[in-house]
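The next part holds the structures, each set out as structure tokens.
Each of the next two complexes has subunit A plus one other chain: subunit B in the first, subunit C in the second.
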Partner chain A sequence: MGGKVTCTLGEVKQRADFIIYWGGNPAECHPRHFTKYTIMQKSRFLPRGRKDRTMVLVDIRETKSAKAADIFLQIRPGKDFELITILRALIKGQPVADEQIAETGLSRAVVDDLIARMKRAKFGCMFFGMGLSMTRGKHMNSAALLCLAAEMNAFTKFVAMPMRGHGNVTGADVIMRWQTGFPFGISFNRGYPRYNPGEFSTVDVLVRGDCDAAFIIGADPGATMPQPAIDHLARIPTIVLDPHVTHTSRIARVHITTAPQGIAAPGTAYRMDELPMPLKPALKSPYPSDEEVVRRINEAIARKPFWLPDGRQPQMVATLG
Partner chain B sequence: MPITFHLKRPPTVPLEAEVLSPDVVGSLTNSEIRSLTVYHGKRQLPLSEFFDVEGEQSDDLVFHGALNKVRWVGRAMSRGSITVHGDVGMHLGAHMSGGRIEVHGNASDWVGGEMKKGLIHVHGNAGGQVGAAYRGSNIGMKDGVILVDGSAGLEVGMRMRRGTIVIGGPARDFVGLQMKGGTIVLLSGAEIRTGAWMNRGTIISLQPLQLMPTFACSGVQNPVFVNLYSRFLQSWGIHLPFAASEGVYRQYRGDLAVSAKGEILIWQPA
Partner chain C sequence: MIRITGGKVYDPANGIDGEIKDLCIDDHGKFVASVSGGRTIDATGMIIFPGGVDVHTHVAGGAINFARAMTPEDHRRTQAFMRTKTRRSGLGGMAPTTFATGYLYAGMGWTTVNEAAVPVLSARHTHEELADIPIVDKASLTLMANNEIMLDLLEQGEFERAKQVVAWYLWAAKSYGIKAVSPGGVAAWKWGKDAKQLTSPIAGYDKLTPGDIVTQLARICDEMGLPHPMHLHCNNLGAPGNIATTLDTLKHLEGRRAHIAHSQYHAYGGDGWDTMRSETTQLAEYFNTHPGITTDAGAVVFGDTVTITADGPWQHLLYKLTGRKWGNLDVENETGCGIVPYTYRPSNLVNAVQWACGLELLLLIRDPWQVFLSTDHPNGGCFWRYPEIIQLLMNADVRKECLQKIPDRIKSSMVLPEITREYTLSEIAVAMSAGPARALGLKEKGNLGLGCDADLVIYESDPDVLKMFGHPRYVIKAGEVVIEDGDIREAPQGKEFLVKPAYDPATDEFMRPLFEDHYTMSFENYPVEFERLEHPELRDCIPVTER
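Up next is the complex of A and B:
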């Protein structure tokens, strides 16, 4: 696997003449995406705007985004990984049987046309949503699309970008990455960061009951995670920092109300292309910001002695591979 | 006489105990073993907090109890044996380069992760990533044998380069993902995407498989090496059919998305 070949949304706006949305519904989930960055904008290199761009939507059902697409490819549920792997084989000239392609819900003619258009494009961009990354295969579906984007660079310029969710999820990944080298699924229990999604990722830790306390900032796992994870959150001391009452705050032992970021508290949010955007508060809030609460908790913890019986600082024992 | 460890109380959070390896404890007295440091979550505690230790100096370790949350048992061991009477947690025998591990119960994820040599036999079920490469690493298991009598989870043998994995029960998705060599034997088949993106290596299944579209049938045969494998696995009571009178293997080449050098053999009884 070759990492992520990507760019900023500014570059997409200026140059992308071939755009694929895979497993996403931007018309309803990212309503400004079309108009600000992808298909509607006129730019220096694409002066006719929409007429200079081709948009393909790949999804398992016809959503509102399909109306905006030039080509809508309806594939069978759970066949994303197979279709991407077929595309990877076909762009290299490897033979794939017609009946195998038909298993994905598309015909050979449609797939051949897609590949021809991809290779003809001057600047292609693939955006993928939760329809790809959260269905069976999960991280491997995303990895497949990133691999396809990387391999398409043997023919033309191609990039890929995830359609990130609400809030500052990209910011959390970016900050963790430059602080620790890893974006998520990190354990600090040995005194240094270790990365192992599946072992240290939040949902897995909660489902297995591997933690005895939880500190949740600006997230609502109680609304999105599986029931065993929610049950464990209810069992253990859970502290929530959130401006609102949420599913998680209802099961938490402590809920600290904080000022909403970007509205009543300053900060930085990261756009889906990982560009930092400073947020200026428009209103004043009687509540402290998340940052202030975390800093005060940190100061209080720093005043406590270490947990060893004689108050010594624990030492690192061994490095695990 | 082996060193025997009895779990006194189950850990409330994962217990990282990579010291539970013959290479570490084999030359120590029991009191020295009891004072070895383990990580209970972030807390460093002596091993005696969790285990009663009995027996004499030995390279053979025996564990009793539900070790579900005890991780890294037998990490990087190069000699001796470990026997677990009960379940065991993640990373059993990871990076091991010799010796033998036997589990009379279930094992969690990453059994034999990036192991170099030795034998792991799990009599129950195993989790995902058996013999796999760790995230960010290019090469998984390099040699050795992993036997799982029961079922196994996702990504069995991911990026393995050499060695043998035998799964007795059904395995889940992505068996042999990005496999670079070695052999995986599936006695009860697997779910979907078996052999996805495999570069080299062999997957043998005694049950029909739902293959990736990027695998092409390249004939029907009974390869000679299956005969050798059958003899090799017979010592563990595993029967791998190879005689033409019993049936044939349908051979598939792939994965065409990366290369066509991997092979999947699916048994068709006569």
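Up next is the complex of A and C:
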């Protein structure tokens, strides 16, 4: 079991008459989400806009987004996985004890009502945020929610989508996938891509002190990573490309100031639904773009001798262990 | 400059069937009558084919990239390409990475590929991936038969306007042709439904039927003068008894040109999963009596793969049947796609019938210029398994051996055991190169004649067909030796083909308000910028009546 049943945001705008935000606070974190894509839009299928849509917010605390919701379900911290599992059982008519439901902080009546609404929907969509994917259970929570969305298709049309963070994190994920097969946590130290989050993720490599240089674009790990990782960044030659002075640039050996993407540098950003959006700069910048800096570094490296001795041409590795 | 001497040349486009003949290539990568100087390759005792052309494959874009994300366990056990001075690293397997895709195709002698499913909305992504596929030349097809703006126009009887809009979309996508996937079925899937009957109105429409879309879109492609006709994935893919739908679809073409995609998936009889049987005899008969229509096999090979298609309802069914992972992505206004990992097993009735059907169509359709080698990669199997299919086509004894793995009760549901035909080398050269190149309207491909692109493959003659086709001695792309003795020598950047069909300039202003209703990005940002394509090559559109 696994996978992901999803759509582009335009499908939500056109069709979703039932929307659940789970563990996210779009009113403050994605302020244009309601108006551009989800609850406020009118469409040919939902001509009355907000009136034709129901919005449910599931969270452990009452955030500003609760005001926009038709139904706010406050659940106990760390009980997301349990509630999703209960929903997966109940939609299929499997028995669940009252105590098990009560543990999530909701009553049976509330859960039954939620399920009835989900099944009545013509097109349901669940957005899930960091409150689900970064708390107890982590990717198990996301996987369970994605399963619930997939299984709801036995009754009606249902999709799910993660609310991705800032910057072009989706773009990095998409490109790494087509070039290496994996989204992140990739090691090239054997000459071909290997994937093992928890071992090859940036934070793990830094904490172990495995790398002897760091090259950082469009991120500020110095602000968020654990101290041992930051200490290692300060120890090794760290190069930062950033339009601004950041926590990381302060500890870096080299900081190359670049033009800000989308403001003074062109490019492509991938939206949270993985659609590529061209960036058209409104301003000029005296600084080079990230792309240009990387291209020039690449050209300089190409002029150096190859990493393997002459005459050695590794080919391919068949059937890896 | 290269001179290739002494090789046995198979060039069906020029009626050359195994003649010893020298070939000369100039510095522009074209065949010429003679050269002075440069490298000479002694091909004595070897066999020369035009480079392979894949008419239908899925190698770039949101759907295959979704499949890569869903199959990390496969990447781990698969073939890895190490980085060298001339080559990027990558992984092979069920959904190979972009760089590996180029190396694997070229490594087997294929030099042109056609990515068969591009949503306009994410065409920018597809082109970025295509640019990262080295060596081979590329074309791509835009998904159109479920585009709601276009369907609305057809429902209103606005054929002329619909034609302008299709041309507008095709130029926005910067692609080469039109793909129709399950006309109306993907639009219906947006409500969790499907369109299986050619003559029943589609969910959400009063009059418009899948049959109407087939007829009118085929006409639009012909009137726009696309080099490649409408590329059609029929309704009701994969379902027992779908032969009726397929034959009905073909009637709706009303004599117009079309390429029928992966017809193996559309040639079944029976009325349920336990009565499914091959009906390829009927379908082959249609092709044998309608020489203007081409198809690719969409053959199945046994083993693991991952299936991806714009046919969302089919993928939902496959997920319910297998209980394995399911990915689905609906794309606003335009299309959708589904992804399910799958294993084809010889002991399974449905899978065994599918395996037989692919081979049967290749063997029962008499003219090799009408039926081409494909697995609908990665749906029926991965493209790097083509040499296995070539072996099955050329050797009836190998087929017999394979049939032994299939339980007797299943054999009565197929016609393969009765077929004795064996492909000749020349027929293989048509099915893997000359035929698909002609169907794509790429005149300088699949052709070793003077002035054509010097894309060719040289094999050591070997009675072991699998070995011969799996390991070419040389592969030459645009006059450059890219593969030699199993090594990747060069990884040049190939071309990307596209068309600019004419449309009324007022179409922009017609589209703008509709666009703002249906989409969530800005109108100006929607069309892919021509400058984004690497090595683009614009091809002419000539209306069919003026040819």
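By our rule, the second predicted complex is superposed on the first by the 306 of 321 C-alpha atoms of A that agree within 3 Å, B and C clash if a C-alpha of one lies under 4 Å from a C-alpha of the other, contacts with A are read in each partner's own complex, and residues count from 1 in each chain.
Going forward, contacts are C-beta pairs under 8 Å (C-beta built on N, C-alpha and C of every residue); 3 or more make two chains touch, one makes a residue touch a chain.
Nothing here was measured: the structure is a model prediction, and the numbers come from that model.
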Touched partner set for A:276, first subunit B, second subunit C, both or neither: second
Subunit B versus subunit C as contact partner of A:136, first or second or both or neither: first
Partner chain(s) touched by A:195 [first = subunit B, second = subunit C, both, neither]: both
Contacts of A:44 with subunit B and subunit C, given as first, second, both or neither: second
Partner chain in contact with A:97 - subunit B first, subunit C second, else both or neither: first
Which superposed partner A:212 touches (first subunit B, second subunit C, both, neither): first
Which superposed partner A:88 touches (first subunit B, second subunit C, both, neither): first
Where subunit A meets both subunit C and subunit B, residue numbers: 1, 188, 190, 195, 308, 314-315, 317-318, 320
Contacting residues of subunit B [partner subunit A, same complex]: 12-14, 16, 18, 37, 39, 41-44, 69, 72, 75-76, 90, 94-95, 109-110, 114, 128-129, 134-136, 173-174, 177-178, 192-193, 196-197, 212-214, 216, 255-258, 260
Residues on subunit A engaged by subunit B in the complex (per definition of touch): 1, 81-82, 85-86, 88-89, 92, 94-97, 100-101, 103-104, 136-137, 140, 188-190, 195-199, 210-212, 307-308, 314-315, 317-318, 320-321
Complex interface listing, subunit A residues touching subunit C: 1-11, 13-15, 36-37, 43-44, 122-123, 150, 153-154, 156-157, 159, 174-175, 177-183, 188, 190-195, 268, 270, 274-278, 280, 306, 308, 313-320
Subunit C to subunit A touching residues, read off their complex: 60, 62, 65-66, 68-70, 72, 75-85, 88-91, 93, 95, 97-99, 121-122, 124-125, 128-129, 132, 190-192, 316, 319-320, 323-333, 336, 339-340, 486-488, 517-521, 525, 529
